[in-house]
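Below, chain A partners chain B and then partners chain C, in two separate complexes.
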Partner chain A sequence: MATATAWRTGRATTLRTWHMTRRAYPWTYAVGTVLPAALTIALGYLGFHAIGGGETGADFAKGSGTSAYLAYLAVGATAFQFTVRLILWSAKALITEQRQGTLGALLIAPATRLPYLLGFTAFAVLSSIAEFLTLGVVIGALGISIPVASAPGAVAGALALIVAVFALSVGLGGLMIAAGEAHISQNTVFIVLGLLCGYTFPRDYLPGYVRWLAEAFPTTAAMDVLHGTLTGGHTLTDLAPRLAISLLLSAAYLVLGVRTLPYFERRAVERTY
Partner chain B sequence: MIDATRSAARVFAAESLKQHRRLFGQPLVVFSMLVWPILQLATTYYTLRPVATASDAAAHWPLAADPHRLLAFLATGTLAYAFFFSLVQSAWHFSFERTTGTLELLFLSPAGRLTLMIANGAGALLQNAWLLTCFTTAALLGFGTLSVASWWMYGVVVLALLIPAVAWGAFLNSLLVFSRDSAFLYTVLDEPLWFVSGVRLPHFALPAVVQVVGAVFPLTGSLIAVRGALLEGDTLGALAPTLGWLTLLSALLLAAAAVILRVGEAHAQRTGRLRLA
Partner chain C sequence: MPDTGIEVRDLHKEFPVRDRGLFGPRTTKTAVNGLDLDIPAGRITGLLGLNGAGKTTTIKILATLLRPTSGTVRVDDLDSVADARAVRRRINLIAGGERMVYTRMTGRENLWYFGQLYDVPKRELRARIDELLSLVGLTQAADTMVERYSRGMTQRLAIARGLINDPAYLLLDEPTLGLDAPIARDLRRVVARLAAEGTGVLLTSHYLAEVEELCAHVYVIADGRHLAAGSPAELKTATGSLGTVRVTVPQVPPAVAEVATRFGATRTPADGGGEILTLRSPDHMAGPLAAAIVGAGGAITALEIKEASLEDAILALTDGTVPGPVVLA
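Our next item is the complex of A and B:
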């Protein structure tokens, strides 16, 4: 019974968001996703040929386990944009309701919050696929081929990334409605994740204490799995410990987020009414 | 003539005060004009480090051999980009005056339109960019990577950044006041701007087509002048063509702003619509 309700809540949210997006935001959202990632990849491509002369420094191969800089960058930039997209949908779901004046209605509806947020994530994953096909065309046009060392590992890495971002989004969404502010918090989260979690460069470059800080985010271990099983030449078994760490951290963030969400919702309602 | 100057100065002072009250000390300004650019600078530096440390890199680009100089190159890019982007942001905010209904009041007032647009942009620039300017100046001096031909070249650097940026701001303000979909321009001028202007790559690394497109944006010329003067020790003579081009471009942007304002206001008086056509 409870599962059936949760399923219906999630599905209804996905469908509603699909209809809304199709009618209200036709192109700007897609352009906003594809463009930054495509430009980052193009930046790396031009730098690689014009400055590096088609080579990279020795410390890159040591840190990343590959000399395929462009493939590494393409995977990283795509994964980063995917993270941004997912956070924009999932973490901003509640504050969007708040801004539109429907948060109160949502809170008294008999639907639980987790399936509702999962509905947004499901929509974000589905809509991102279309955008990433476009990005794939850009990557192909630049002649970048991405080696796949372990297909099941890459799938596991991608799933771990989705779980990690979802887990981060639940608590972040709560913070946003309590603060009544999304712009500063979302951009700060994006830029911190982009710097710390090893998306577009090996984390060995960062100073030691910053590397430790990066371990606090589940996305870091998920990116290790994704990079390792695509360009890094590792199998899923090699990276199983990192996968486990990512999932454990995600579980911790999720529990924290779900526990604190009612408190944030209360604060948001007290502030509004 | 003196009256006109005095009234322009008063418009300028009033608009600057407005921007000061609106922006100074705002958390958004601290984040978008200090915290984010610095973190973004670090990300860009690390992303480009693999190619800058390649064995051939120094032969293609001597600056790449020294990590501090590479960082200084990217930092000047970040600063100049923040200057120009803060004007995109403020023009976007200025276009909100359409929806709040205060734009009509501005056009009813006797204040010079072009002065108003310039003052609005310059005021926002001052409030936005001072933090990052202080930080970048301190960092560049601290790293000891500067190579400047003579002390007054610092003045040239400031002018090469400030004048084109203010002209760019006046042009954007005039354009956005008369356009309904300002969010679109915002998207187009955010990411592509850094790419075509050579903010994160040296000019020679960009394909010819991108270089041609980039030359239209004053940020490109400003960056060439700023980096040449601060990092390469270029003299005024060496930078003369770039500075000449920047002056021409600034004059063209201001002229375009004046034309847009005149056409837009005439159209609005005739049809009651705040649009260019």
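Our next item is the complex of A and C:
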């Protein structure tokens, strides 16, 4: 019964978001959103060839497990783009409701918040397909080929990344509505994740204490799995411990987020009493 | 589940407030201070008070949007904090000042979405949506995006949203705010019909004529405290609310002036010459005053009688003219 109710809520939220987004934005919006990732890859391509002479340093190969810098960059930039999209949809869902005057109507409904947020995540994943395809065209046009050391491992890594970002988004969404602010918090998270979690460069370049801090985020281990099973030459078995760490951390963030969300929701209502 | 109504007992709500900036000293503001309310099924209960009296906070607590600092709210014997999800299935809220619907969806899509959130059985949902759209007069605009609706249409859709789960108790916070008179009248009819069919309704409104027309029982609060309760008629009687008699006379000879003084009437110049004698009294004094004026040799060109209103009673209660609490029923 509860599962059926949750399914209805999640499915309805995905459909609702699909309709509203399709009406609010032209299809070119999906193309426009990939530009930051395309620019990152293109600039990396220019730097790699114009400054690096097409050669990868030994320290990069040691940290990343591959000398295919552009492939590593393409995977990381695409994953980071996806992370940003997922946070923008899932974490900002509640504050968007608040801004458009529908938060009260949502909060007094008996539907629980987790399937509602999963509905947004499902929409973000589905809508990202168009973005991935567009990025794939850019990556192909630059002549970058992505090696796949372990397809099951890459799928597991991608799923772990989705779970990790969703887990982070639940708590972040609560903080956003309690503070009534989204821009500073979301951009802080983007910067922290982008710098620490090894999306576009190996974490070995970071100071030691920052590397430890990176381990607090489930996205770090998820990216290790994704990079490792694509460009790093590893199998899923090799990276199973990292996958487990990512999932455990995600579970911890998720429990924390779900437990604290009702408190943040009440704070949001109290803030406007 | 027994329809025991909504029972509010010793309700308190305090909000933390920072006096100066982000790091200023933290104090608390009391919005609700020891309220007791009973909202039975099948009755429209009014909750009145001036701005800042605590009405909206109270309604938000009843709607489970806020938690009380202390005290209890029970809905059909369910605790609104411990059994919040079950309570949410039995109530709904319509707030006039808030949009509460999605503008980039059609009216029908909005009701479908909220029907999913309330887990309305699939086999009933389609029929209920059609019924509600008809009820609020939006059948023709059902498949139009809400962003193309007028304010009144949006408000009517919000009302339909508030009825999507067929609530046992409906909380109405200024539901006719911004509505045209005919639409507001239609809404009042809908609310009266719902109550007649067994829905318990709590209504706050600044349109006191609306409250007087609909509510069988009214609570008056100020500064979060209970001031009075009773039917509108009982409140007017208990507060000694004053009716007004205005007598226009072409001239005021000394004998008529003496009558005015004796009755305690005020004298003001009339626009077309002469004077207006105004008498505020809880009793029906129009006849005795008119007779006294004529008996004193005066003439009367106009006589206007205004009955005491609920507004007068509320003002008398909230400005301290009548010491509270006045509990009538």
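Simple rule for what comes next: the second predicted complex is superposed on the first by the 268 of 273 C-alpha atoms of A that agree within 3 Å, B and C clash if a C-alpha of one lies under 4 Å from a C-alpha of the other, contacts with A are read in each partner's own complex, and residues count from 1 in each chain.
Simple rule for what comes next: a contact is a pair of C-beta atoms (placed from the backbone, for glycine too) under 8 Å apart; a residue touches a chain by one contact, two chains touch by 3 or more.
Being a predicted model, the structure only gives us computed values, none of them experimental.
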{"item": "Chain A as common anchor, with chain B and chain C clashing or fitting", "value": "fit"}
{"item": "Vertex chain A, arms to chain B and chain C (CA centres, degrees, nearest 10)", "value": "90"}
{"item": "Touching partner for A:F201 - first (chain B), second (chain C), both, neither", "value": "first"}
{"item": "A:D59 touches, of chain B and chain C: first, second, both or neither?", "value": "first"}
{"item": "Partner chain in contact with A:R259 - chain B first, chain C second, else both or neither", "value": "neither"}
{"item": "First (chain B), second (chain C), both or neither touched by A:L73", "value": "first"}
{"item": "First, second, both or neither for A:P36, with chain B first and chain C second", "value": "first"}
{"item": "Touching partner for A:T188 - first (chain B), second (chain C), both, neither", "value": "first"}
{"item": "Of chain B and chain C, the chain that contacts the larger number of chain A residues", "value": "B"}
{"item": "Partner chain in contact with A:R99 - chain B first, chain C second, else both or neither", "value": "neither"}
{"item": "Smallest distance from any CA atom of chain C to any CA atom of chain B, in Å, after fitting", "value": "12"}
{"item": "Contact residues common to both interfaces of chain A (with chain B and with chain C)", "value": "none"}
{"item": "Residues of chain A defined as touching chain B within the complex", "value": "28, 31-32, 35-36, 39-40, 42-44, 46-53, 55-60, 69, 73, 183-184, 187-188, 191-192, 194-195, 200-201, 205-206"}
{"item": "Parts of chain C lying in touch with chain A, wherever the complex brings them together", "value": "15-16, 31, 56-57, 60, 63-67, 85-86, 88-89, 91-93, 95, 98-105, 109, 112-114, 116-119, 145, 161"}
{"item": "Footprint of chain A on chain B - complex, ascending", "value": "27-28, 31-32, 35-36, 39-40, 42-43, 46-57, 59-61, 64, 183-184, 187, 191-192, 194-195, 200-202, 204-207"}
{"item": "In the complex with chain C, residue positions of chain A that touch it", "value": "5, 8-9, 11-13, 16, 19-20, 23-24, 100-102, 104-112, 116, 266, 269-270, 273"}
